[in-house]
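Shared between the two complexes below is subunit A, which pairs with subunit B and subunit C, respectively.
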Partner chain A sequence: MMDAIMTDGLSFAMPLLIMAIGGIYSERAGVVMLAIEGLQGFGAFVGAAAAVISGIYLGTESPLLIFIAMAAAMAGGAAFSSIHALLCVKFRAQQVISGMVVNTLAMALSPFLTSVINRAITGNESNKFQIGPSVRFTVPGLSEIPLVGGLFKSMYPFEIVIIAAALISCYVLYKTRYGLRLRACGENPHSLDAAGGDVNRTRTIAVLICGALSGLGGVFLAYSISATYSPNIYVGYGYLSIAAMIFGNWKIPPTACVCMFFGLARSAGYQLCLYLGMPGSYSDLLLTLPYALTLLLLVFFSKRNNPPRAMGETFDRSRR
Partner chain B sequence: MSGSARRGGLPGASTAWTRFLEVMSGDKTSHIAIPLFSVALSMVAASLLLLALGENPLVAMAAFLRGSGFMVKPSYAGGQSALTDFLSFLGILAPMLLAALSVAAALRAGMFNIGVAGQMLAAGYVATILAGYADMAPALARPLVVLLGLSVGATMGAAVGFLKYRFNIHEVVSTIMFNYITSYVTGFLINTHYSDAITRSSRVCSRAARLTVTGIDVGGLRLTFPIGILIALAAAAIMKFVLDRTTVGFELKAVGLNRDAARYAGISVGRVTVFAMSVSGALAGLAGVTYYLGYYNNIMPKTLASLGFDAIAVALLGNLNPVGSIFSSILVTIFQKGSVYMSSTLGAPQEVASVITSVMLLFSACGACVRFHAARMLEKLAGRGGSDEGGGG
Partner chain C sequence: MRQERVENDYIVEMRHITKRFGGVAANDDISIGIRRGEIFAVLGENGAGKSTLMSILFGKYEPDSGDILVRGRPAVLSSSNDAVSLNIGMVHQHFNLVPNYTVAENIILGSEPIKRVFGIFPCVDIKTAEARIAELSRAYGLEVDPSLPIAQAGVSVQQRVEILKMLCRNAEILIFDEPTAVLAPREIEFLLDIIRGLREKGHTIILITHKLEEIMRVADRCAVLRRGRLVGTLAVADTSPQELAELMVGRELPPAGKRPSAGFGDTVLEVQDLTVRDQDGLEVVKGVSFSVRRGEIFAIVGVSGSGQVEIADAIAGLARPQAGRIRLMGLDITDCGIRRRIEAGISYIPEDRQRYGVILDFTLAENLAIKSYYRPPLSKSGVLRPGRIREFADDLIERYDIRGADGAGMITRSMSGGNQQKAIIARELSRDSALIIFVQPTRGLDIGAIRSIHARIIEERDRGRAVLLVSLDLDEVMNLADTVGIVFSGRMVKISPANRLTADEVGEYMMGVRV
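So, the complex of A and B:
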């Protein structure tokens, strides 16, 4: 049972984490990011479409497909996030509004395009893509550790990519010149401007990175939940990752802990239900656990939250 | 853009173009002109999309209007007419308008109520089990349903406001958590206690509790009138009055524009925060009862109404203004309600409707930018006109 909790918990926590890290890039650069829900869904759509289309040529069993899906999802998410970047940075739109524009646009476009593509390929108008199950692997040795060994059993290739991305992001945000500039953009963009940096460029890049990472999270969700892509991808996990980011105080390590907490609480709820032999409907009650606990924990920890100071403000050089 | 300005050499074109720019950037006119302009632009975009799908845009638009009861269909099933379609349209317009007002009320105070769908579900659920399954006379049951919707929604909203001002919990986080909790808890209770074996949703609520007046006989047609639309219009009127004419409304807008300035001016920001969120919740609760006890009459377990999220778009399209929300909700509902008929008669995918809605929202989000550029072009034009005259003299 412990193994199942760990394996399932990790596969739910990792997509949340990568989306939350995307959000951290954007919000630490001062651009409010409510668009994660739309970005992950659209990224998943592009990834799934790429997998289905290349499956025609490579065969549906090809192990390459998942990597094609990953790359396509990142490209799709980044491309779609350019709308948010354009609206917020260039067109001076309100960032909350722009985020919702991106969400509604993604939720409208992706099912529409899915049915158009399906009509072109198979002739029937389904709004689903069958993308097949993902490759999974077990790390020898590490998976034998009692209690936490389950974390290393039947892992998705995504998980390795996401952990790598998280570590690289820690380095980029805190140890590089770009990271320093990005954080300056979120706290006091005028100081960056005075130092000769380009605020709008830094912000645009941050939003595009967020789009790419959200797309990766989205396609992982599509693979791990059902091995299909359908409009059901929009169940609000993007919003949940925003909650994790805020709970994690816009920092990567605490956010990673929050995501693991969400993942483990969720899978533990399922397993507890199975263990106690309760009827399926009771699992719904246990599924509220992560959310109720989050609220409870926030009551104690939220006082010390400090969001990036310049978040939500359009950069205007003439206003100092 | 500069090409048009240069063509301004012709006197007629110049005045028309200047006039257009004036209307777009003027303080009195721009808040109406900009949304109309974005709607017009999105209609052009929608027509191009429909053309690309091989449909005649005019025929498709007519189909949307026919599906919503604004135009007469070529044929009707027995007991149906454009009037029944229109009343059904009003039935779903009511929750859409109320939910949009709910989003607007919170956003005017600077808060983003993303939990409208959860508040709707909670209000609809409580009203269904307390009034919808009880044996009561309509005169008692209907006011009770409205009252329950109001109070459940307001309580949930107030909780969000309280968590924000007392514990600094971001409203986006708490409303999302409440969405999930409400959805799972009501889903559990419906599945274990109130489930209908065939439909797998909750049992249908009693006729007496529904917010509809049934059996109106007009020319042989038996019509059902949705009471919800009256509630929604009244709510819009009251909200407009409160925002424009009262101290609370002024305080609410002040907090939304700048929390620190409002605090400095002596406004109790905490009190306004809780007040605004409970108003927003109450409106969402009303949307919930008109949706679950009026339009659908049962609740699908573990499903949040997508209307609660669409309402965010509608409120933004309506400039967060109660009157604007009426127009934007009518516009968006025409496309959503009419999409079924459009899809069944023309064969174009039903999702076209939501693409059109989101394109409308995309253009309206650029409103501030359009206004800014219109003002700047006007300045340039004025500058050039002045120098031309100078040269002539």
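So, the complex of A and C:
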């Protein structure tokens, strides 16, 4: 049972983490990012569609499909996030509203497009894509460790990609020129402008990165939870990742801990249901555990929070 | 040929510059030339167009007409990057720094040195940057610690960071926009030394200011602007502060004379053992007691951050005292809300006028009515009466000489700082409160506005009000105060009639040298 908690916990925590990291890029650049929910859903849709379409040519069992799905999901998420970037950066729209617009649009658009594509391929109007199970692997040695060995059992290739992305993001945000400028944009965009940097470009790129990472998270959710893509992808995991980002104080390592905490809470709750043999309606209740924990954490953490100072502020050179 | 030689004397020449903002000419046909290696001052009242002119040189605005020559060549300055590539740097009045970055990170932002880790991964090379900054700061006498976070640095250090930022970008021509407005007297000394040092190292300095004293002390030449026009360019050695002041204001100034109080009446404000903590729980005011009487100007002086602003905030109700009592005409107001205090008779002119004094995007009339809108005659049964508010505002605008393009309906943001301050003072004085608290009432204002505000403060005292003045400007305090209370790190170390102390003695108490 411990193994199952660990394995499932990690596979729920990782997509949350990658979406939260996307949010960190955007918000530390000063653009409020409530669009993660829509971006992950739309990214998952594009990824699943790409997998289904390439499955026709490569065969539905091809191990390449999952990588095609990842790449397509990132591209799809980034493309969709350009709406948010355009509204917030170019047209200086209210960023909260723009985020909600993106979410609503994604929720309406992706089921519609799914049916259209399904009709074209198979002739029936399903709003689901059957994407088949992901390859999984077990790390020899590490998986034998008592208690936490489950973390290294039947891993998804996604998890490696996401851990790598998290490490690269730490490097990008804290060590590179782009990272220094990005964080300056979120604290005082005028400082970057006065130093000859391009605030709007920095912010646009940050939002696009957020879109790509959210899309990756979305397609991972589609694979790990159900091996299908359906409109059920919009159940609020994007919002949960925003909560993780906030509790993690817009920093990657603490955010990773919070995601892991959410993941383990969820899988432990699920295993508890199985163990007690509870009826399905009760297990649904226990699955709300991460959300209940969110509320609890909110009480304790919100005081010590340090959001980026210029977050939500549209950049206007002439105003200060 | 002669023409050309004269041109080559100038490192920067601005010819016939005109810039309009919505019909109003901020700069009207201004021509100035700045010589290599001099300190060139640009003098003018608030709103005279000095900042606009220099923003044009720094590429922030493009002029509607006119030419700019830099080192004898025509220059197109359409962004600050163009200015930087011509080795022009500007130290703005409001600093553009990232609070949670270190000094070094702020300086390199925008032109970061890069090293490659393992030969491939490009990283910002903070170590090299810190070494270079330490070296530069030694060479120019600008002491800073490169690894200090800006949030922990004082105003004067932040300003040095801005200067170093420009020097790191090889700025030869440095524009300072009102650099001393935010500094305490001693810091001003240091800055003027730094500016002289920059000139010795061959830099050309342009100093935008409305303070005559600074010009007389450091500048070589001075251009005087008035209402968008150039009224003259003078060699500082051949002029006097009086001449400059009259050129700048365009009229004779009211005399700055000191008038002692006719005598004190009943005690209006009594503060007893007041202790205030800041947000971090530190005691910033420690057991302060004093009282202010009718007909008295009581000035609290101290080095910036000694607790004087917190004392004023606690009296006005903006900060909650930890201990102690505050009484207004015998009434204990320690636990009263702000509106109760206002109605009990406190007027408050805050330090940060744009944040606490006015709502910038409201009209002037709305801002004038903001402390009395809720009762007759400005409202009736909870509904505002715009006509009455308008009349009320028009009356104050006339009585207090608040100037601006569109009268009562004008958006406050579009007004000059001096007129915003006049509006706040008009609103506060119109309430006929027994106690008037002025915090830094003339900060950032030009000499014309300062004199008129000083005259107003004395007039209020003579009408029998108790005045509490908090100011960092020692001259202002010595000119106005009847009684001086000196604070040093949160304690009131000395209370004395102003005429028994010299400015030097006050300075020594302020620095904690004398106790």
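To be clear about the criterion, the second predicted complex is superposed on the first by the 317 of 320 C-alpha atoms of A that agree within 3 Å, B and C clash if a C-alpha of one lies under 4 Å from a C-alpha of the other, contacts with A are read in each partner's own complex, and residues count from 1 in each chain.
The rule is short, and it goes like this: contacts are C-beta pairs under 8 Å (C-beta built on N, C-alpha and C of every residue); 3 or more make two chains touch, one makes a residue touch a chain.
All values reported here derive from a predicted model rather than from experimental measurement.
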{"item": "Three-chain arrangement built on subunit A, subunit B and subunit C clash or fit", "value": "fit"}
{"item": "Partner chain in contact with A:Thr294 - subunit B first, subunit C second, else both or neither", "value": "first"}
{"item": "Which superposed partner A:Ala4 touches (first subunit B, second subunit C, both, neither)", "value": "neither"}
{"item": "Touching partner for A:Val139 - first (subunit B), second (subunit C), both, neither", "value": "neither"}
{"item": "Subunit B versus subunit C as contact partner of A:Asn188, first or second or both or neither", "value": "second"}
{"item": "First (subunit B), second (subunit C), both or neither touched by A:Arg92", "value": "first"}
{"item": "Contacts of A:Leu180 with subunit B and subunit C, given as first, second, both or neither", "value": "second"}
{"item": "Of subunit C and subunit B, partner touching more subunit A residues", "value": "B"}
{"item": "Contacts of A:Leu240 with subunit B and subunit C, given as first, second, both or neither", "value": "first"}
{"item": "Distance in angstrom between the closest Cα atoms of subunit C and subunit B, superposition on A", "value": "5"}
{"item": "Common interface positions of subunit A, toward subunit B and toward subunit C", "value": "none"}
{"item": "Subunit B contact footprint on subunit A (complex, rising order)", "value": "34, 83, 87, 91-94, 96-98, 100-101, 103-105, 107-109, 111-112, 115-116, 125, 127, 236, 239-240, 242-243, 246-247, 281-282, 284-285, 287-288, 291-292, 294-295, 298-299, 302-303, 305"}
{"item": "Touch list for subunit A against partner subunit C, complex", "value": "171, 175-177, 179-181, 183-184, 187-188, 190-197, 309, 320"}
{"item": "Touching residues (chain side subunit B, partner subunit A) in the complex", "value": "107, 112, 114, 163, 167-170, 172-174, 176-177, 179-181, 184-185, 187-188, 191-192, 302, 309-310, 312-313, 316, 349, 351-352, 354-355, 357-359, 361-362, 365-366, 368-369, 372"}
{"item": "Residue ranges of subunit C in contact with subunit A within the complex", "value": "80-81, 84, 92, 94, 96-101, 105-106, 108-112, 114, 117, 121-124, 165"}
